[in-house]
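Both complexes below contain chain A, partnered by chain B and then by chain C.
Now for the complex of A and B:
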């Protein structure tokens, strides 16, 4: 099971956490991966400058509402093996 | 004698006669600290507009000041009769009034001159309390003395409330019994006195088709138990103070709200429990809440509290937003309900730590904004009649 954790702290929220969460929820539903990927939230990771901060297992990525799809295909799917 | 744990939540509002910018009704409230009592006077001046406004303002100011000073009712009524300017058209000086005096949150004295009889809902049902009739200077005045119980809701109103809908929705306005039936359905929900007032006046406005034929004023007094809510916002400036701040916070009676990401992280560590953020956006603009076992509510900080402040300002104003926060499940609505409805006493624990990541001029969440939020929210809560204490760490 892969765990994707999205920062929903103040700063990341202002940079679009909600759009990132919703984007990922849609993509995961589209590909039928709900039982392979768990989505979770976290408060501040202390890296506000690079928000929206997203952890794939323990690896940190910087995602924005515009780059959700790219992040999903380049970072999430390859790690799902 | 055991001191009473009860207190009064008081809310009043008016709607004006269509086309008038001044209200001919006036509510005045005075609290005295030494012999703890609250005097509320609702006066309804003859006619509408400027003249009525002057009559009712004078009447309510004079009566509330004199009664609060412990002067006899007879003297108050005489003073009003001697002071009020006589209307040149009608040849009378006239303002009806209702006085509610609450003594030590134990007894209520209700004195009325020609206003609709104050409604008392006790245990959710109408309670017709006995009144005695007095004659003071030719004026027929009623008086009642009531021992208070928790949950008592008093609804005082000007006759513009009973006249709502005359000739529009009802032939003769809605009756006292209709008003009682209408309000009985809202009282058990737990709305505040101000919101109950707003609900009744909205209904009057609707019955008047948005064109009130008279000024209508409602003053609701809800007798309730004191209840403390504690809210922690921000980590302390010095990390070494974490445990001191948290142990003081969690030793307080009542519910606990923790606001802010870092703040909830240190609270969870202190309690030795997991911090579990939610991912559900119940309001698109408000970050999701989280849970920590042992904490009643965990939310994000500045964005959520900013919204609570917006709701507070609206509440102390015309209260048009109550429907949003009184049923919303997002963090801001939940905080609003706990602070506005549940709390009579609010204890803020404010940490002065500066989050370096938030000191970006492009982000509307910096340190100064956080401090200003606490100050403004405290001020609004005091306007709501709550006792507020703020401690900084």
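Now for the complex of A and C:
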């Protein structure tokens, strides 16, 4: 099971963490990966400048609402295999 | 720069700041007995009969700043020697009595409590007087006044009386720890116990948030406090004290509104559970109504519970306007989530104990909640949020909210509801007048505070409750 943790602290929230969450939820549903990916929220990863911060397991990525799809295909899908 | 409403608050702040300074330094136990002398170095007394009494009282204030009397379960405590033993409440005749012939006062008194001395001046027999006030209305010289002890007058639920020695006494079986008396006593003889030492200890032992993270859950009434700086600077200040991150209690309020509206629609009648003093009031004085209290945790406890689920090792400190919160965090159902609670007054003391001038800091973001979560801070906001949540969830329920502004209105509404004659189907109870923005732990209490909160509400990025709480449902299937 892969765990994706999205920062929902104030700074990331203002940069669009809700859209990032919604984007990921849609993509995961589209590909039927609900059983393989667990989504979670956290308040602040201490790297507010690079938000929206997202952890794939323990690896940190910087994502924005515009780059969700790219992040999903380049960072999430390859790590599932 | 005016930070407080009264000099009593300022004095309390000076004590808190001194205690905090030594605690950060680690020499509190050695310097403890010197603190009164630090604050009143000597010379001419400015508050009491002599500097020695001033220092004796300060020693008691230091004790309260360090958590107070551990044998007293209440967080609100009387400092016996600070109490000026104001004259007993009730009507009395002043020097303005001219000793007239008419004796209207005597004629209107239903209890024959008024007599006259050799100079024909009126006297009231306290044994007979029932404080109806008719004599005061009748006197053409306004010579009869109604004296009220400020503490007893502040306590609308009558939990304060006079002890045998004349000092104020709190009946813990009635007291709801709202802190009205704390704010109103002109001598500062009643105080809320402080847990700043727990918070400092928690921050120190976290080793810079390495061992565990310390989060602050900040109440939305922050918008009407620290108005000498920007909100973002207050948040920076909290982080500078050593907190890892601030989260809005208002996000918890959004969550509460969302689930409360459903509970209300299912049960048909509900009293709110957001204000800990109001909940305590129902339990103590209207036990039969307790079954109608919403099952929701308070907003702060709701968000704290969520945070502890995402990070079980973290510590959470509530920062707000509320003295009753200090009681709430001890409840079995809240204790696992909130580790400590401090007031805005205490936060100001903590800032200054570290010489943090927040006006010089950059701004940090604080944006988790919606407009509706944020307006919980003022009377009527909770009912507005429940109405919005009903709409957003498409629940068909005819909400008739009774927004009670202050404990007197709460009492009136509960008395009616108790006999099945409630004016509505949802009682929003706020013990403090104005709502949380009138809380005893606020730095200031001003008319424009409500406008400050509404403005802060409108600044929220999320416009709906659903959007604000969507983060809370990550990983859960949406309802």
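In the analysis below, the second predicted complex is superposed on the first by the 81 of 81 C-alpha atoms of A that agree within 3 Å, B and C clash if a C-alpha of one lies under 4 Å from a C-alpha of the other, contacts with A are read in each partner's own complex, and residues count from 1 in each chain.
By our rule, a residue touches a chain if its C-beta (ideal position, glycine included) is under 8 Å from a C-beta of that chain, and two chains touch if they have at least 3 such contacts.
Keep in mind it's a predicted model, so treat the numbers as computed, not measured.
J.: Give one word, clash or fit, describing how chain B and chain C relate on chain A after superposing.
T.: With chain A as the common anchor, chain B and chain C collide in the superposed model.
J.: In the superposed arrangement, which partner chain does A:14 touch: chain B (first), chain C (second), both, or neither?
T.: Touch status of A:14: both partners.
J.: Let me test your reading of the model: by the given contact rule, A:38 touches which partner, first (chain B), second (chain C), both or neither?
T.: The answer is second: A:38 touches chain C but not chain B.
J.: For A:6, is the partner it touches chain B (first), chain C (second), both, or none of the two (neither)?
T.: A:6: touches chain B and chain C.
J.: Pick one for A:46: touches chain B only (first), chain C only (second), both, or neither.
T.: both
J.: Taking 3-11, 57-65, 111-119 or 129-137 from chain B, which overlaps chain C after aligning chain A?
T.: 3-11
J.: With the touch criterion stated at the top, can you tell me which chain A residues are shared between the chain B interface and the chain C interface?
T.: 6, 8-11, 13-14, 17-18, 21-22, 39-44, 46, 48
J.: Taking the complex as given, what residues does chain C use to touch chain A?
T.: 215, 235, 244-248, 307, 310-311, 364-368, 461-462, 467, 470-472, 474-475
J.: How about chain B: which of its residues touch chain A in the complex?
T.: Touch list, chain B to chain A: 260-262, 264-265, 275, 277-279, 281, 284, 287-288, 290, 300-303, 355, 357-358, 360, 363-365.
J.: Can you list the residues on chain A that touch chain B in the complex?
T.: Per the touch definition, chain A meets chain B at residues 6, 8-11, 13-14, 17-18, 21-22, 39-44, 46-49.
J.: So in the complex, the part of chain A that touches chain C is made up of which residues?
T.: That would be residues 6, 8-11, 13-14, 17-18, 21-22, 38-44, 46, 48 of chain A.
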